[in-house]
Amino acid sequence: MGLLLALVLVAPVTAALCLPLGRTRWGATVSVAGAALVLALALALAARVLAVGPFLAARGWLHADALGALLACITGVTGLAATWYARSYMAHEERGHDATNWASGRFEALFHLLLGSLIVASLANNLGLMWVGIEASTLSSALLVGYYRRPGAVEAGWKYLILCSVGITLALFATVLLYYSGIGHFAERSVGLQWTALRDLAPVLEPRFVRLAFLFALVGYGTKAGLAPMHTWLPDAHSQAPTPVSALLSAALLAVALGALMRFHALAVRCVGPGFSENLLTIFGLLSMAVAVPFLLIQSDYKRLLAYSSVEHTGFVALAVGLGSPLALLGGLFHLVTHALGKSLAFLVGGSLKSALGSARMDRWSGVLESSPPLGVLFVVAGVALAGLPPAALFLSEWMVLIGGLEARKVAAVVTALALLAIVFAALAFHWTRMALGKPRADFRDPLPADSRRPLWLLAAALLILGVWLPEPVHRLLSQAAAVIKP
Amino acid sequence: MSLALALLQAALLVALAPLFSGTIAAIKARLQMRRGAPVWQRYADLARLFRKESILSTDASWLARATPYVVLGASLTVATWVPVLFASSATSFAGDLVMTVALLALVRVLHALAALEAGTTFGGMAASRHMALAALAEPALMLSVFTLAIAAGSTDLARISRAVAAAPHGWLSPSHLLALSAMWLVVISESGRVPVDNPATHLELTMIHEGMVLDYSGRHLALLEWAATVRQMVLFTLVVNLFLPWGIALEPSGAALGTALLAWIGKLLACAIVVALGESLTAKLRLFRVPEFLGMAFLLSLLALTSNSLLRG
Amino acid sequence: MSFPLGEWLPVSSAVNLLAGLFLLSALSAVIQRRVAGAILGYAWNSRALAAIAAVVASSTGERHIWIAAALVLATKGILIPRLLRRTAVRGRAREEAESFVGATTAMLLCGVLVVIGFTQTRALFGASRTILASCLPISVATALVGLFQMVSHRAALAQVVGLVLIENAIFLAAISLTYGMPLVVEMGVLLDVMVGVALLGFFVARIEESFDSADTSLLTSLKG
Amino acid sequence: MPLAGLDGALFAAAIWGLAAAALFPAIPLPSRFAFLSAASRAAIARPVAIAGALALAAVGALGLAGVVPAPLRWWPGLPGDPFMLGVDALAAPFLLLLGLLTAISLAARHPGPEEGPAGLVLHIGFAVALAAVFAAQHALLLLVAWEGMTLLSAALVARDTRSARARRAAYVYLVISHIGAAAIGFGLMRLAALAGSFGFPDLAAALGRLPAGESAALVSLMSAGFAVKLGLAPLHVWLPLAHPEAPAPVSALLSGAMVKAGLYGLLRFGWQMPGSPPAGWGVTLAVIGLFTALVGALYAVVESDAKRLLAFSTVKNAGLLALALGIAATLLRAGYVPLAGVALAACLYHAVGHGLAKGLAFLAVGEAVHAAGSRDLEKLGGLARRMPRLSVAALIASLSLSGLPPLACFAGEWLLFQALILGLAAGGGSMRLLAPFSGAGLALATALSAAALVKLYGIAFLGRPRSAAAANAKPPPRAMEVWLLVLAGLGLAWGLAAPLAIAALALPISAVLGPGFDAASLSGFGGLTLSIPPEAFASISPLAVATLIALFVGLVFAWVALRGLHPGVRRAPSWACGVSLDARMQYSALGFTKPLRLIFRPLIRAESEISILEEGSPYFAQKYRYRSAVPPLAESLVFSPMVQAVFWISTQARRLQAGSLHVYLAYLLVTLVALLMLAR
């Protein structure tokens, strides 16, 4: 229907608009407006899905179900926050030493291309189209990662591009295998790539190929989602990209890639039963959390710290899907939302602090609370959220997952996860107490206008409110999305 | 009636306390071939002190003035329920053995605080040593209390002495004797006698109790000294009437009370002789040998308790 | 739709032949020491792929596979190799693309990978000897080999070659298994591949300009 | 129940009043609401919060009287049953204590003019979290409140954001508490998952359905988690770090009320569960408690930082609580229900009594040292003459914490001694070994903490000031002193009316212990005496003792006055062997405890060195330096090895991300191959 197409088209159109507008006052405004429109449409879509249930569009190429709508909303929220913040942040950055000699307006254009590809990937029904969307997101974000012409940025961009291309190629292999597993069951072959069709026929699919397909998808989309040991591109890319991009990568792109993996998982569950893919996801989830720990404990760069925390949280969501009980799935999807809010808040407030302190090295950061109370409070809220303490919503989502795991009698996995979470908490608490407290630095100067903090306040408020009250529609959306993954 | 008895016992203790310490001093003098002061000397000292004016340090706070009264008051309170002649007291509902120990601790703490009032070196030194040694004495004391209480099935003083008196040869049991010897050591240290403390010295290296009252004078000093003698009297009375309650009156008849009085005086006299002998024969221990002394007390009491529970199977 | 074995034997043997060529060209690309050689190996690999597509197309007579074959030949067989060569010539990448492992070791390891690929996928088909029964193992093996190429070679372009080799392998699977996916999808995929390669070329240029070398093993400033 | 309407209203008013008071100043308002500046809002919030706290105390008192208010519910939108806050018999005494302490600690706040509302907000918020911990009747809500309590108190500990010491304290505190919370959370949620509900009764039922071994393991795990909050050794390290750093009113709340949350948890989830307490729970707890009490007392003696000393005394009392609880559990398992009741009564009575006394101590001493500008005893002295009213409060607190009659902490120890003696007499299996050592250890710990508190009061408040700042310290505002004296009065009442207090605790005790024992039977003669059934085994009467002492003091005083011998007192400077006395001649805090430090040196590894700075004649050097330190053994022996191990592993593991793209690709290849070979 129209809504879906509109939603898919807004971002690319905005990108096309931003390119000519360049860095006039209009460029940023248009991009914010575009992002806002994306968010509005995504919310409308979610409402529609809640009202009339999932529906197809564009002759089965696109479809809206709870999971897709949820991912679209996450993308929309992060996108809006990032563009809104970028308005003042990027303007300052390009005045700064990192000035790029690219044509102005390129940033907004690329950003919206990335946004659009993520929307496509989250709403595509045709697995081929989903693949194309994610590949497109790789390409556009690679350029954003390499946005600054620093050697570091180039290196990060190269690694990102190579690793994710390999991953995405393996994902294509998975798609092919899945297509083959269902071939012969479809009257006309173009249907054979439609996720809905495959889902309906899942019981009669060729299980051996579905398993093989899931393996390739796990490695392929897992690379994109930052599951260890395929996560290695993530810290480099996140630390080198412009801060708003890092926020979008960490909060939305990982979620969308996980969403793609979840769709393969859903088919595997329906075809070969839950055991196979759930165990793999549990293992890789725990592995990701474990791998992140040492880098969180010993870390000098703020953005890399956040990147590893993203690895840990993605792993946690994968674990949630692996645990597989309805509550765990609900919590896992809720965790996608809360993590998106918390992580983008952490990145954006970090951007302000970085430009205020002139470096992303954490040993240069201290006394933030005293230097700038508003930034300090936001910073502490972000830390509390990422560490999973109440009243931030991540506390609830994490415990929902763990309870779900206990309901599923997967005690060993839950205990391991708890232990890892405790160490991660110790690491984050260490860094945060060191940065938020202590002697304020004399050279602290926050160059950004106060209204650049508005999106941050909104994110923080959302985090805290969700921590004590989960609105009923959100709850319904989450549980329907959980049902999409595992009936 | 029994309240009157209680007050009478308290009065006896308070009245005879100076005499007791005077007696010990006199016996000691005789043992050391000195003529020494008369046994009444303590009364004379107290009277003199009461007549003298009281001087307090300019640094002292209100606590310094309150302490002598509270110390004496607490000692008297204990005295009301200690079985002196009659193995029951009107006030024994208010306090038992544990309460007695605790009130003595209260007195000790107030003493130590008062000693710190004047801000002089001696006070601090004495207070610090006092608290340290008390800390070591406490466990031994508590364990011998345990032993008594278990044997008697009660921590109530009157019941204990009754129980021991009732059992004809109860006091002969090894646990009882061990507890007695532990208690004796504790009492020696608590009442500041040789070898733990030397009541007859003002040598800074040795003194504990004297150091604590060093900055007092006049009636305050009198009250403190009097309280000290009362406390010493109470402790020895506890020893003799809890562990060896021979002749204690089990019912308030004149005859019984008379014999009890004689028995009590006799036993205290024996105690005085033993203490005097001990003080003449042993030298004061160095401060850091005292823990061994008290450690022995602890060991004895522990043995007492274990042998008790072992023998009870 | 199933295909009776008898009438397909010739075709399948032809396909087998081409598939063998496909794998061999990939292996040659791996053991090449010069970037140009690797690119050449890739070019032949792509042409073999196009040929397989053509055979399948002729056998099934499906038009869109013809189109796909043509596209493959045009892009992968000609366009991309040329693009890569241009980058190689323009940049300093002409020097030896030395790899971490010697040619013989590389051969051995590739052998192992191929065996793994075969054993792990051949089992999927039981006894049947249809086209895909031989093609899927080869494509998996080629994918592993391509990945190995990326692991073992230092030059940025050699790694790009490894990447596109993997993509070829997957195309082989797509065509042989499913006789091509829906055309639109294939177009999209090819487009993405093109853009991707262009982008990679762009980054190679960037790397050379920033690091004065195309040796990606020097890119280790970001760690921890 | 005539009060049925009132109590619900009170409870709601207490919770919502406190919550509103916490939020009201916290919400950032646009500048156009200048008339509602944060400061003015704080000024409104404080009395509201005090009223709420008093309402909370009233609810607690009503709960002790058996009046149970209607629980508050709300639906957070999560799966599972709604969040529920309620009061039951067990929670009541803790709520009473919390309410009183919160009210007084808030009333006693007098922040400097420059301090913003943040302190007040955190203070009230912390109180709210504590109230939620005690009143939660929903496992997840309990966990939320628990973590919130930790977070807010950590923020209060780090209130002085510049101090590195406070930062470290907050960090250690956060991490250790979080690990404890993880243990608690796992236990609770395992039960919740089994029960399919978060309600406490359902959790208990679920625990009952578990096989014995597993349920015992679960209960022990949760108990370990709660032991962290209670500060049992060797998990106590955070306590002496964190409690002293917070501002005095908050320290009062931390030591007075929050530590009791651990006890509450032990009672509710360690004991008040079917099949609990598991075998060995009591003995283990008693042994750990005894150890903790000794450790706390010993380190309190050798500590010369006033607030740290109080914190260590808290550790000692936490140990005493655990000991009483463990003894009670052991006696219960041995089948002596009344004796278990006596020990339990000791535990609960002491929990409240210590809460009041320690709250008072932190408020009074905290204020005094704040006024004197240093927490280091070596820089204090002579404060009693400069702030007499405050010193009265401090003295009462010190004497109470020394466990002296007839004050707040004595009756509890007396009951515990009775339970030990009777348990030993009854000869219940493990008691035979446990009781003697518990008795001796308890006596030693009490005597040691008495020494510590004599040192605290004697060095800080008596003698001569050891620094200029102490010499001209100004007393705090009158209002604050009045509040302190109110709290002191409460403590005194708790001590003197011990029999009544224990009778009032009958409901919670029987709620934990079940039928078979009525704590009211411990109080005789209409609350005059505290006596042990059967046949009044022994009895004490704090009130009578106090009366007697007062009576005799009066008599003696009257006698002296009537004899009229020099009733007055002449003041003269202290005599110092002829030389003029100066403050450096007095005993220092270090010197005061030197005998004990030397005696216990083998245990605490106290280090000391004397270095001669200026040689004079061989016997009289001109200048010495004496350095003495007591190393924190728990850290160095238990924790730092673990931390070092973790960091070593991490440094090794960081090689995974060495920066080489080829290695990263190799990860991919290996993963793929491995999956193909293993998982297919």
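So that you can tell them apart, the chains are marked A, B, C and D in the order they are listed, and the count of residues begins at 1 in each.
Here is the rule we go by: contacts are C-beta pairs under 8 Å (C-beta built on N, C-alpha and C of every residue); 3 or more make two chains touch, one makes a residue touch a chain.
As the structure is a prediction and not an experimental result, all values here were calculated from the model.
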Open item on the list: Applying the contact rule given earlier, which two chains have the most C-beta pairs between them?
Closed with: B-D
Open item on the list: Based on mean C-alpha positions, I'd like to know which chain lies farthest from chain D.
Closed with: C
Open item on the list: From the mean C-alpha coordinate of chain B to that of chain C, what's the distance rounded to whole Å?
Closed with: 101
- [ ] Averaging only over C-alpha atoms, locate the centres of chain C and chain D and give their separation in whole Å.
- [x] 70
Open item on the list: Using Cα averages as centroids, what's the distance between chain A and chain D in whole Å?
Closed with: 44
Task: Separation of mean Cα positions, chain C and chain A [Å, integer] - done: 31
TODO: Pull out every residue in chain B that's touching 2 or more other chains.
DONE: none
TODO: Would you give the residues of chain C that are in contact with at least 2 other chains, written as numbers and ranges?
DONE: 147, 150, 159, 216, 219, 221-222, 224
TODO: Please set out, as single numbers or ranges, the residues of chain A touching at least two other chains.
DONE: 158-159, 162, 166, 170, 212, 235, 295, 298
- [ ] Please give all chain pairs that are in touch with each other.
- [x] A-C, A-D, B-D, C-D
Task: Residue ranges of chain A touching chain C (in the complex, touch as defined) - done: 126, 128-129, 131-132, 135-136, 139, 142-143, 146, 149, 151-152, 154-159, 161-162, 165-166, 169-170, 172-173, 175-177, 179-180, 183-184, 189-190, 192-193, 208-209, 212, 235-236, 239-240, 295, 298-300, 304
TODO: Provide the residue numbers of chain D that touch chain A in the complex, in ascending order.
DONE: 76-79, 140, 143-144, 147-148, 150-151, 158, 161-162, 164, 166-167, 170-171, 174-175, 178-179, 182, 185-186, 189-190, 192-194, 646-647, 649-651, 653-654, 656-657, 661, 664-665, 667-668, 671-672, 675-676, 679-680
- [ ] Quick one: which bits of chain D touch chain C in the complex? Just the residue numbers, please.
- [x] 654, 657-662, 665-666, 668-669, 672-673, 676-677, 680
TODO: Provide the residue numbers of chain C that touch chain A in the complex, in ascending order.
DONE: 1-2, 121, 124, 132, 143, 147, 150, 156, 159, 163, 166-167, 169-170, 173-174, 177-178, 181-182, 184-185, 188-189, 192, 195-196, 199-200, 203, 206-207, 210-211, 216, 219, 221-222, 224
Task: Contact set on chain C toward chain D in their complex - done: 100, 113, 116-117, 120, 140, 144, 147-148, 150-152, 154, 159, 216-217, 219-224
